[in-house]
Amino acid sequence: MKIAAFGEIMMRLTPPEYLMLEQTKELRLDFTGTGVNILSNLAHFGCQTSLLTNLPDNRLGEAAKASVRQLGIQDRWIGVSGDHIGSYFAEMGFGPRPTQVTYQNRRNSSFGVSGASSYDFDAFLAEVDLVHICGISLSLTEETRESAFMLAEKAHSLGKKVCFDFNFRPSLNEEHGVSFMKEQYEKMLPYCDLVFGSQRDLTDLLGMQLDKTLNASKQFEALVQRFMTKYQIEHFAGTIRQGEGSKHYLTGFLFDSENYVQAVPKEIINLDRIGAGDGYAAGVLLGVSEAWSLSETVEFATANGVLAHTIQGDVPLTTRKQVRHIMEQPTVDLIR
Amino acid sequence: MKIAAFGEIMMRLTPPEYLMLEQTKELRLDFTGTGVNILSNLAHFGCQTSLLTNLPDNRLGEAAKASVRQLGIQDRWIGVSGDHIGSYFAEMGFGPRPTQVTYQNRRNSSFGVSGASSYDFDAFLAEVDLVHICGISLSLTEETRESAFMLAEKAHSLGKKVCFDFNFRPSLNEEHGVSFMKEQYEKMLPYCDLVFGSQRDLTDLLGMQLDKTLNASKQFEALVQRFMTKYQIEHFAGTIRQGEGSKHYLTGFLFDSENYVQAVPKEIINLDRIGAGDGYAAGVLLGVSEAWSLSETVEFATANGVLAHTIQGDVPLTTRKQVRHIMEQPTVDLIR
Amino acid sequence: MKIAAFGEIMMRLTPPEYLMLEQTKELRLDFTGTGVNILSNLAHFGCQTSLLTNLPDNRLGEAAKASVRQLGIQDRWIGVSGDHIGSYFAEMGFGPRPTQVTYQNRRNSSFGVSGASSYDFDAFLAEVDLVHICGISLSLTEETRESAFMLAEKAHSLGKKVCFDFNFRPSLNEEHGVSFMKEQYEKMLPYCDLVFGSQRDLTDLLGMQLDKTLNASKQFEALVQRFMTKYQIEHFAGTIRQGEGSKHYLTGFLFDSENYVQAVPKEIINLDRIGAGDGYAAGVLLGVSEAWSLSETVEFATANGVLAHTIQGDVPLTTRKQVRHIMEQPTVDLIR
Amino acid sequence: MKIAAFGEIMMRLTPPEYLMLEQTKELRLDFTGTGVNILSNLAHFGCQTSLLTNLPDNRLGEAAKASVRQLGIQDRWIGVSGDHIGSYFAEMGFGPRPTQVTYQNRRNSSFGVSGASSYDFDAFLAEVDLVHICGISLSLTEETRESAFMLAEKAHSLGKKVCFDFNFRPSLNEEHGVSFMKEQYEKMLPYCDLVFGSQRDLTDLLGMQLDKTLNASKQFEALVQRFMTKYQIEHFAGTIRQGEGSKHYLTGFLFDSENYVQAVPKEIINLDRIGAGDGYAAGVLLGVSEAWSLSETVEFATANGVLAHTIQGDVPLTTRKQVRHIMEQPTVDLIR
Amino acid sequence: MKIAAFGEIMMRLTPPEYLMLEQTKELRLDFTGTGVNILSNLAHFGCQTSLLTNLPDNRLGEAAKASVRQLGIQDRWIGVSGDHIGSYFAEMGFGPRPTQVTYQNRRNSSFGVSGASSYDFDAFLAEVDLVHICGISLSLTEETRESAFMLAEKAHSLGKKVCFDFNFRPSLNEEHGVSFMKEQYEKMLPYCDLVFGSQRDLTDLLGMQLDKTLNASKQFEALVQRFMTKYQIEHFAGTIRQGEGSKHYLTGFLFDSENYVQAVPKEIINLDRIGAGDGYAAGVLLGVSEAWSLSETVEFATANGVLAHTIQGDVPLTTRKQVRHIMEQPTVDLIR
Amino acid sequence: MKIAAFGEIMMRLTPPEYLMLEQTKELRLDFTGTGVNILSNLAHFGCQTSLLTNLPDNRLGEAAKASVRQLGIQDRWIGVSGDHIGSYFAEMGFGPRPTQVTYQNRRNSSFGVSGASSYDFDAFLAEVDLVHICGISLSLTEETRESAFMLAEKAHSLGKKVCFDFNFRPSLNEEHGVSFMKEQYEKMLPYCDLVFGSQRDLTDLLGMQLDKTLNASKQFEALVQRFMTKYQIEHFAGTIRQGEGSKHYLTGFLFDSENYVQAVPKEIINLDRIGAGDGYAAGVLLGVSEAWSLSETVEFATANGVLAHTIQGDVPLTTRKQVRHIMEQPTVDLIR
């Protein structure tokens, strides 16, 4: 299956060795973004992947493309527009100190200023079976909203699978209120086949209600099933994080039209606190695109999410072999 | 409140990535010292701070001043004298391997050779509300003892608050015995308002006795109260470390003339095993200088001490916002 | 003399060891900008300096302020506004390969979005004898133009010295044509006492004519004198670069109302190709503020400009002692 | 034109900052090789490129492929075989100290053990217009000789252009004598259209004679013309290095069936002393494949070779814009 | 006691900060190998040590010797032969992600191609009391097997102690089956006095049977005693790893002809997952060579093995003082 | 010939990439000192070398010894005393910016506090043919003077060759005047066979007069000959630096009892401006100890001095092969 994504390439700048920004002049530069992360992981799983986006026509744009290629993603649909790449600084946390992300201007990025006319959606879609669209597009600018809607609509009408990721960040939506954002998501969802989200996305953003008459453990299940029926979603997936003392666990869930499965919780040991969600998503996309059973899919995807936390940076670089290794031989900590 | 400190600026040289000295030629250079650490943290809390010390009139002295300014401390009371900065090498421990500190010559440092005539105490004190004096001054050289006593006496007589930190290190006092050091501390304490120390400082150094007729849990409290009464100390504070299996916990305590509070123990996860004491002291100085309740003060100061262990180097760089964050949302490990 | 500047703090991101962006993930982060560069150098010369600007209220803003303090510049007039710091990437050239600078978005920076109402000019000017304004302000945004004009006007009317730097970059002025920019410069110049610029600024931007009837060597002199008379400028200064085979030379010039001097050309050996202009300007400001002779000033300033090229980064960190050393003992290449 | 190469991917391990191996534990790892270098440069010129080779099926092989993709080269013809990648250590020279290359085992590399049956030459050639074969293949192993011959023969018979690079290294041919090597080259040359070499390759290796009756300046020209006629070569190209005092110059030459041109010598300023030959070859391949004039080609290729010496590592990463820049504006050393 | 070893010097190349090979171009180079590791540790314990091996006569060979000297090992028995040093890349694991070792060609290394005639065993043995031979020699090449056998035989006949380490790696023995390897080990064991191995070495490789009629806890003991009797082994030692939840423990065991002791399990906290076995072996060799009690020896050796996991790289650099410190004061995590 | 030295081991701390101390927190640590430098170079030439000195009994002392061993020097005569190692910071110059050395306290170093009773000179000398004593010993402390005199006297009386290096630094002798220092040198010289120095040492320090009646070119020669006769010196050697425009040249000279030779000046291209003197001295010691002709010796030693400037750090690491390479093939800048 040829998998593509539409989304922003950002720069992540990270001080080394858990230092804070005041403590060092050295930074590590990685190119990242939800689309980059998911596609790179799928490429490492052996899929053919391609990213649709725009970058500036300068040295930074070229460096970004080189990095994307290195990650295994085709760069032929990366166009040229604008003169800025959005960036964020990640001061990596340690123990009780949280990882602190500081965003720089994203709205004026090459991606942010690119409307639908900047892309050749038809040619792009002709080469694609499934396209992933990140919800950030709905928050960023009028241009990214327009582009996301047109891409989703065209893909849907051409019978391509559309995968959508809620990824709702209040910090990016201070300008527009929740009701504006709700409208945007409601406009997008009818085009979508596979959706990543959480209970909070359905209740707080879309305004759906939990059925309190149900047994507590069934409320979430029923809510999701109503949501999937309403928008004719084929799969809905996401992760839950739980803490127990100073230990943290990750559990993935996955719904299809009839069933609901949840993975065995797996302990999280963090090298980098960013990126597990995209790792989980890549795992689900692999399982769904290869028609694995739901439970095989969530177990693989959860293991992959946990591995993503052990890798520096947002981009999960795991192979099938590595994921299967920690599923099958979790106690082997040295391979030679 | 304008807070100042009198103390030594030292160089800390640390190999990267937990390497031992034999394993690398790379070192990280930080300027540190109890005064630097506490003032830098108070500056990050928004206080106006100033350090009284001497440095050599050379490139190293200039670099040290630049670093102190960067940390938010005013450098206008840093004078010029001598030709040497004391240093120590910190081989950072990991798991059961302890952090190993190796000191180089301190007695011949610019600070060590500077007697009272090297400083303009009156002008300095005119700009200060509270001055912190580190007990190391009493151990280092005849000159630093002389300077510390004169500064404390003048500050006291001018009605400035004097904060003193026992910081008794047997390794710096092999030349003089305990009885000599006891005399020095007894000479200093009458000038002091706020003192940092431990039970052992009162019993082993000052030779005070625990009242064994008391309930065990009251013996320490009674001891401190006798100590505070004897020297007319307004606040006495310190930390206790406890281990439980492979976990370690930090608890701060704080006495005023009438009450005694102890914080809820907080788990320590170490990035750097040096610096929590100064983080705790900065927290207490903030609370006391802003007249917080004792319990508000110890909880904040203990959280700050725990955060200090998650920061590379001796210098705590926490802001109020960061400390409050881990007090209020301890499970959030990623902020964006 | 208390010297201040009004200008932008930018981030410079530089790959190590002459690598190109594609070749490394490591970057060195420096905070820079014309104001930062000149003031830092003056602070290293022993002057009291202060920067008027705005930064975002986040971790990057704090890191920028810490860096500015380290350089010796007071940070009390650095306000909070916006949420972005402009940045540029510098791929350092080697031999025939030019240094390549790639700018990221500057117009949306905290400085770019700050109009006159963001600053308390009166309070600021009360503490200042001379203020430096960088011409970039006239190119950047409507807000920076407005702020620059109001500051210059107020400073002028209060009898403070105003120093202005043409710094005209066509790349920042693609939107507005030359005639628009000419108007802006003409509006600014009447407030100015000391101006940095080049012959091209006077002819191509202001549209002044060389008097071809004059001896070629007098044309530039006469042009500048007309310019100075027209706008009642006290000093006009700048640098000329000349190549001779593979060698390059720097020469500073300086006019006062009556005289014109030019320095002995000094060979440039580049560690970093950015920053000599600001080094030259700092040298001139020092000489003028201390009323040195014109020729003493240009020789010192030219030597300082040459030294700036031997220092990594834009920020000249030279002391008077270092500049005098290479003026007096140019063949001594090791000091101990 | 679709350009491909057949050749080895090697690891280059380089200590930083001109250090010698004894002086550091840090190394920079680059993947390199004549094919990688030429194709990467052509990809930066905008050509579609592809490498035919084999790598081990392990983590190093994956990392090598990722690096090749980053450089802009398609990795779909990189197969899996063997378990070793050849490597060399480059201690970078400075001034009179030469760069010292130390090779590790190459004969047992994945490439070295791969015979003709390891590759699908027909499928590969179907996608290619011109294929570059490095002469190292003739020296390395029986398997690489066999593969190179079969590829050249098939390409030639299919009417694809074959480009061959003498690249004769005595150090790789201690086992076999010159007469054995001569046979190999004579077997290869009839398949070739474009050949890179030197006068010494024709005289010392192939045993051809200079015609001493000719004017000295014509001897080389006549020799090459005889060589080209004998093997029906369309283009012959190479570089000459000349020293003049402590300055070094690079000059490229290029023959077609009728003409001979030589570039204006350009001064070499070395950041890295390895890689100019491949930069020159990439320039020639670009000119020839786009049917530029001989003189346009050699000037561009020589400038590119000179630029290659200003870039860390063997791989030239220059764009057309950069090469044209130093051809047209050689004195501009800072672009912004 | 003068302790020597016969074995390979390898290069270990490790990306920094837990990065994977695709994520960085930076590597750390260490020279390692079982013999290097054990001797270096013994040298840090104060023993006189010497390594018998061969290296190439080039810059890498010189760098390897310099590194060995730095570790405290005499280099006078390191000869010159071949032109290759075996290497491996270690991608360091984190949490559930295992450390991944990728070997490069070892069979063609200088050590691998050196047969018995390359060494002067008699002169070497004249200076030695005990010689350690690593079992890898039996797997590597015909030459290393021949050398190991001759050295062991000569040492045994001269009355020197021979220490042998099973170190059986299936990955190095794909070519030869288990029965071939069994023969080799059986040929070696009669020369040995002290052997390091595991139950699996005795059962799976040598084909010995557990006596299932015994109490489970006695089966291993009885097996080892039969093994020791059969080959007249004086000491047999090894380690057992156990997991309990996410915690791991190391326990050493040691047999002499009459007794069997096992250490108290110690928790493992990994900085580096490679090297504890060699640390344990060095501890046992120290105890045995100084005639400590069995239990003193295993406790020291186990503590040393645990410490080895807290040190970057394979080479344990612990001193007696450090080992005793964590045995006696396990809760002190900062020494100054 | 077994060559030994008596002298201090110092730490050199150097910022990377020509940065100044204010610009970085990273430092490179090297152990250095005249004795270390000369012996290391002789060890690389194949001589057996040994250093007599004292170091503290701590982690730094151990790291220093490890480094000395790595350089090829035996550490068995390095004793334990004191608790401090002298250090200096080297901010590396570039172009017109001079290298700036800043010393930290040396007088209180382990070497500085070690008097004659700290060493077993007899046992040491029994293993030595020639001993090098650095003149710094005469400046440092009473203890180092006493040690140097006793060692020189004993060596001389035992018929060992004594090599002495003036190395007179006014900065280390501010306390004692020139006449005091003159006495010390006059006391040392009668024990010496081979002396390194300059004309200025003989005139300004020893107060000898140039014979102005001689032809200018003969004055130096006659002066040295008088000096050598007076103290019965066998060889006198040193270097002269000359500038010609921006180029610098190094020339070595060497006297024996009858002849005087001077090398052909060689251009200096500096990677590091410290260490050429020790490189020259090592070359002379090699030639003299192997009884080369004077001119062979000065050419080799001068080439070695020039190479020393191309190596990072003070310690020359050149081999005979490398020195001969640049003498015989100065234009080959790449060896493979």
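Every chain is named by a letter (A, B, C, D, E and F) in the order it is written, and numbering of its residues begins at 1.
Keep in mind that, in the parts below, a residue touches a chain if its C-beta (ideal position, glycine included) is under 8 Å from a C-beta of that chain, and two chains touch if they have at least 3 such contacts.
By chain, UniProt protein names: A, B, C, D, E, F = Carbohydrate kinase.
Note that this is a predicted model, so its numbers are computed, not measured.
Chemist: Please identify which chain has its centre, taken as the mean of its CA atoms, farthest from the centre of chain D.
Modeler: The chain lying farthest from chain D is B.
Chemist: Counting C-beta pairs in contact, which comes out ahead: E-F or D-F?
Modeler: The comparison resolves to D-F.
Chemist: When chain C meets its copy chain D, do both sides use mostly the same residue numbers (more than half shared) or mostly different ones?
Modeler: different
Chemist: Starting from the mean Cα coordinates of chain B and chain C, work out the distance between those two points in Å.
Modeler: Comparing mean C-alpha positions, chain C is 42 Å from chain B.
Chemist: Please output the residue numbers of chain E that touch at least 2 other chains, ranges allowed.
Modeler: As it turns out, chain E has residues touching two or more other chains at 17, 20, 22-23, 25, 62, 66, 70, 100, 103, 270.
Chemist: What residues on chain F touch chain D, complex-wise?
Modeler: On the chain F side, the touching residues are 16-17, 70, 266-271, 306-307, 309-313, 317, 322, 325-326, 330-336.
Chemist: Touching chain F in the complex: which residues of chain D?
Modeler: Per the stated touch rule, the residues are 17-20, 22-23, 88, 93-101, 103, 169, 171, 243, 246, 248, 270, 273-274.
Chemist: Show which residues of chain B lie in contact with chain F when the two form their complex.
Modeler: 13, 20-22, 25-30, 58-60, 62-63, 66, 83-85, 87, 89, 91, 100, 102-105, 107-109
Chemist: Which of the residues in chain C end up touching chain B in this complex?
Modeler: 66-67, 69-72, 319
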